[in-house]
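Beneath this line is the structure, given in structure tokens, with notes to follow.
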């Protein structure tokens, strides 16, 4: 187990190094000068050059990569070109929005998908199964930004039950902050819940066809007890994979939803930073997201081992 | 039993494909002419689904938008399968070697990147436009196909008919294409359908944030983005492109499900 | 104790029928299981014998319609509701399945799985009793603790766990569906012995379902023979076996003990295949930090030879390395040490490459022509997407001058005819053929390039006895006519006994005994060989 | 000639004092939440061109020697008055006394010297450095008197000093200006939740008229839909530059809101790269201008908000000359011109569009209009950074649409290296004369001549003056109606009951 973990950590580190190189080189070739962007239409070339020097943009790419990558190891992501503040702090602020949003949406998705998937699998072929599966098909097909638009129209503008967007910050109170995340979470959770419910259902049906299910039934277990005690845990392996993927997706992929609800999250930070050519910020956030994905994959692997004794070594 | 989803799925997909094909030669109205005076008209006998903010006929817009969606998604799937399938076959044929390892690590690397962020980066580097949207979506299809093909090919390589071909002196490349690939076809068809529908969603998402096909080429995602502020004035402008996306994706997913059930003999017998 | 009522009818099926989707799976099944006695149900694949067991447990697949009555201990199981059935399953009737590798939940400890059965039927102190039950089936708690997971156990041990689950609540009846088919012959003997012991101790009635007449031969009191969803013979074992059985039963018995006509045996002549000091390994065990793994020597210093025209048997139980050996002989895997020579020419030798698949075929085409193979699985050894013509013609790839399409078709047709398949079949796909036909086609494919040695890798193991006999006869005939040499690789001693000239016994990557087949069977020198031979179940009248 | 401008705040103060007292009795709200489309990258108005910086800090946190009033007139601010020498090369400013920075330090002439010299320094990153480059030196006469000596005579100095880029800074705080600005204004910076909002609070030690609000929040909402939803849901009190004109009609019909449509300094033009190729030919440029239907663009892209212009000049400026008719839509004439220029069988031009709605929507409409006369366009949507790189800096474009929001910027046509590449010695001479001219009548005349010149040459196609389309809660008063500079001056903002 320890050798396995060490090996995984090594692969993980290698992935991150390669990723950092890819990110740096890809982003550095982006045309567009952050200094020119900041200074606008009337600035003279000398002024732009002065700003470039001040931002350290005149140094060689290699030197900047070294600074940036070694800085990251110390938790120092550098200073944003346009915001002129330490990136670590900016990211930390955004994470307090993105992470709870992702967790909230994922929790919601699981809370909906688990009973839906179980119900559908246990009533396979029945009217309930057909209905649940029909809903999930639609859930997958609905673009989440469109769904978000409709949610805002109904709950914020018409009914005024919930805020239309924005994030008051956690210091405004947990309740207030969570209220601001309800609609975005629902919009994010719908397709994820639909996918999860389908995966769970088919995983359950697969496991229900296994020999040990027959063994359990031959012991005298009822179909329901068999489902709960034997099928569910075995069906968790594909489900865990999907949950892991979904978490990474929700953390990074909420850009569009963050735009609809003008939430100050990581995705929006990337979007804005690309627009303003604040490249160090883009690089740092992308690396952070890559790190998160890699870590989540790793954790999912550990979760497999927790679920499945065959993988514990 | 789920073959029931074949008919609605096939009908929806057919509708979209026919609309897109017909739009090449004919649309009810010319969408390159703007008639500002006629804008935001509700559905009527003259404009079945009404007009948009520039007075263009929404039916015509949706038809050409279908073409954009289909082309972008199809080519993106093509890129994904075109690169991913050979890579997956190669990795499986050279299982356990450095080649295999390199391909799989590359896949992991791509998977480690948040797709949408990278898509935005790509379009930021090379500018917005259909081609770059295709590349951005296509790149993330490559590891999907590579991984799928490798996994399935690995199990085929242990099958006795592949061993028999090796005993018949056939080389790995030849076996990969003669025996492995044809036996993966049904799997690939199903996966391609899924990626196709995901591609349509992705194109809509990119177009929605302004990174899809350039105007004046209509695109469902951009139609939605542009109609956003009009939802409360002229709901039909935002409703129909959304429904078009839902319909196309739903159709492809239903078709994919039906194909999987039909192609998977295990399921065919069980039901 | 129930010993006094041994012999009375415990389970009796009357006019039982099962329909699935409009097709009759079982028709008019009737038989009786006597308390404390053993009933053997024998039949070839597709005869419906397993379905009988599932019907008795009322565990039929979804959509199956059951008719008739299933009397058990004064109740009709066919009329009971689900709740009442749950009390009977595991409580009154236990069941053991064929595939021990998949019959246990991989995520639960074996102790828990046994305890679950006990808890379900209202027993107190389940964990202690579960541990005791595991002891009873031969899994001593100190060597195989109840906290183990199924994957940590061997196939035989798992089957013991499945039996423990079935007997934990001391049922009156135990239904064992092919309980030993997936197991090695020595393990099979031990499991059968365990069943016998349990039956004796608990006085339970046993239904033993198998395709192998020999398995039930020394266990069954009564015998049911099934074919195509119907009972063809039922009665006491001796009666059915001895004389009164139907023609079908008789043909089964004959096929089980098939031996070629001695006149087909020929003299060996000339060295063909020479294996020297062969070592083949593969990485196994946990990976270390930098990915290197210990190499497990699956084939560990083997040397043997095959003469032209002779038939050599190679037997061993699962894991002995015979599959790895087969692959090495066919040049399908790299070898670590030693050489394989064919007619003096080096076919494969140790290479520096450790990769699983090298880019180029290491074996020359001319040598490949000489050595061909027939695999075990009649379903998996053909590409389902190609027509038979293309399948059979595939090795023609090895010829220096490949025949034209017309010539090819002619050759394939002739070859098919030779193995007893109508030449017209070459336009069809493989799924349109039965298992026996497929093995014939596999033989045709092997022979089309006129090899001098054919490796038969468990080539008849998956076939029903009657089909097996036909295929063996065909092989014998071809050997005589074409002067073929066979390397007969099998786990099944009884197959090898009758059709080989010489025998190699393999264990843990090494050959532990070699000699003329008849000599080895008559006077096995190695203890392992003796154990193997002793474990083979035999029909009355065979030795 | 000596000009003296005096501050006249006294009357206004008295009136407002009574208003405040009465407002207090009704316990009117004293906080406001204002929506903005873009978040500023930082809060240093002297270190970047982003309009969003000024929209928060101008007149609220920072003040300069002079300032723009709501009507665009230059008013005294930290300079109570000033005198110009006869030759127009020396300005003497008398500063307000008893002015404190938010950090407690006092404002005096040394701060003026520091602020201006910092903007002019070699390594300055001031985006509007060219505006101040005429200042040769800053001379501190006494604690509250300072003289600016110019290299060339100029009548523009008080105007130039009114820009947000020329505000007065405290030397001690310049290092943290970007994130914690310190000025002399009636509000001080409180906090910035990046990605969401900036909060200002009333500065109790303000030297002038105290603000009537205790707290002001600027919230950043870039999505027009979200902006609409936030206004409708009451999450915002005002959105002075509402990004979606199509929604204004809904606000108008809702009694909770007041829609204010004013003017801005934004001349929206279809800029043409006249350096080479077909667009170097004035006939082609004229053809394009005549192919365009301004009203259709205003209706289609801006939902009717905007004033057609015929030259690069703001219609509300007294010196404006209406030249719209000169390039009125005439597609036949356009086709004839194209034929004459040798493009009878069509022309393909690139059209690069920056993000704002006027450009993206206007671009689509213009593309359709140009197609009518046989000009096809390749539309390319660009981010601002790309636009700056490709169009502004790289001159790699044929057509683009952009709104020039700087006030009084007709002099850009005198810069031959400017992105649209108009190199005209006559016009440059005209502007040189204008720069040194101090007589108002002559200045107006020169401006008229300049406007005609660029309209005749049809340097660009002039589309419309961008409207300031603001929405606010009906009870919120005191916001600027027009946008003479990009600012949300909150000094007079208050709630009515």
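By letter and in written order, the chains are A, B, C and D; residue numbering begins at 1 in each of them.
In the analysis below, contacts are C-beta pairs under 8 Å (C-beta built on N, C-alpha and C of every residue); 3 or more make two chains touch, one makes a residue touch a chain.
Only a predicted model underlies this, so the values are computations on that prediction, with no experimental measurement involved.
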Touching chain A and also chain D, the following chains: B
Check every other chain and keep only those touching both chain A and chain C; list them. B
Interface ranked first by C-beta contact pairs: A-D
Report the inter-centroid distance (CA atoms only) between chain B and chain D in whole Å. 45
In whole angstrom, the CA-centroid distance of chain C from chain D equals 87
Between chain A and chain B, what's the gap in Å when you average each chain's C-alpha atoms? 22
Mind pulling the residue numbers of chain C that touch at least two other chains? none
Residues of chain A that touch two or more other chains: which are they? 31, 149, 153, 157, 259, 274
Hey, what residues on chain B touch two or more of the other chains? 124, 228, 231-232
Can you name every chain pair that touches? A-B, A-C, A-D, B-C, B-D
In their shared complex, chain B is touched by residues of chain C numbered 327, 330, 332, 355-357, 359-361, 363, 365, 368, 372-373, 375-377, 380-385, 394-395, 397-398, 442, 445
Under the definition above, what is the set of chain C residues touching chain A in their complex? 57, 59, 82-83, 85-91, 94-95, 97, 99, 102-108, 113, 116-117, 120-121, 149, 151, 162, 165-166, 286-291
Residue positions on chain B within touch of chain D in the complex are 32-34, 36, 39, 53-54, 124, 127-129, 210, 214-216, 228-233
Given the complex, residues on chain A that touch chain B span 11, 14-15, 18-19, 22, 26-27, 29-31, 125, 137-138, 140-143, 145-146, 149, 153, 157, 209, 248-249, 251-253, 255-256, 259, 267, 270-271, 274, 282, 285-286, 289-290, 293-294, 297
In the complex, chain A touches chain D at residues 31-44, 47, 50-51, 53-54, 82-85, 90, 93-94, 97, 149, 152-153, 156-157, 160, 163-167, 169, 259-265, 268-269, 272, 274-278
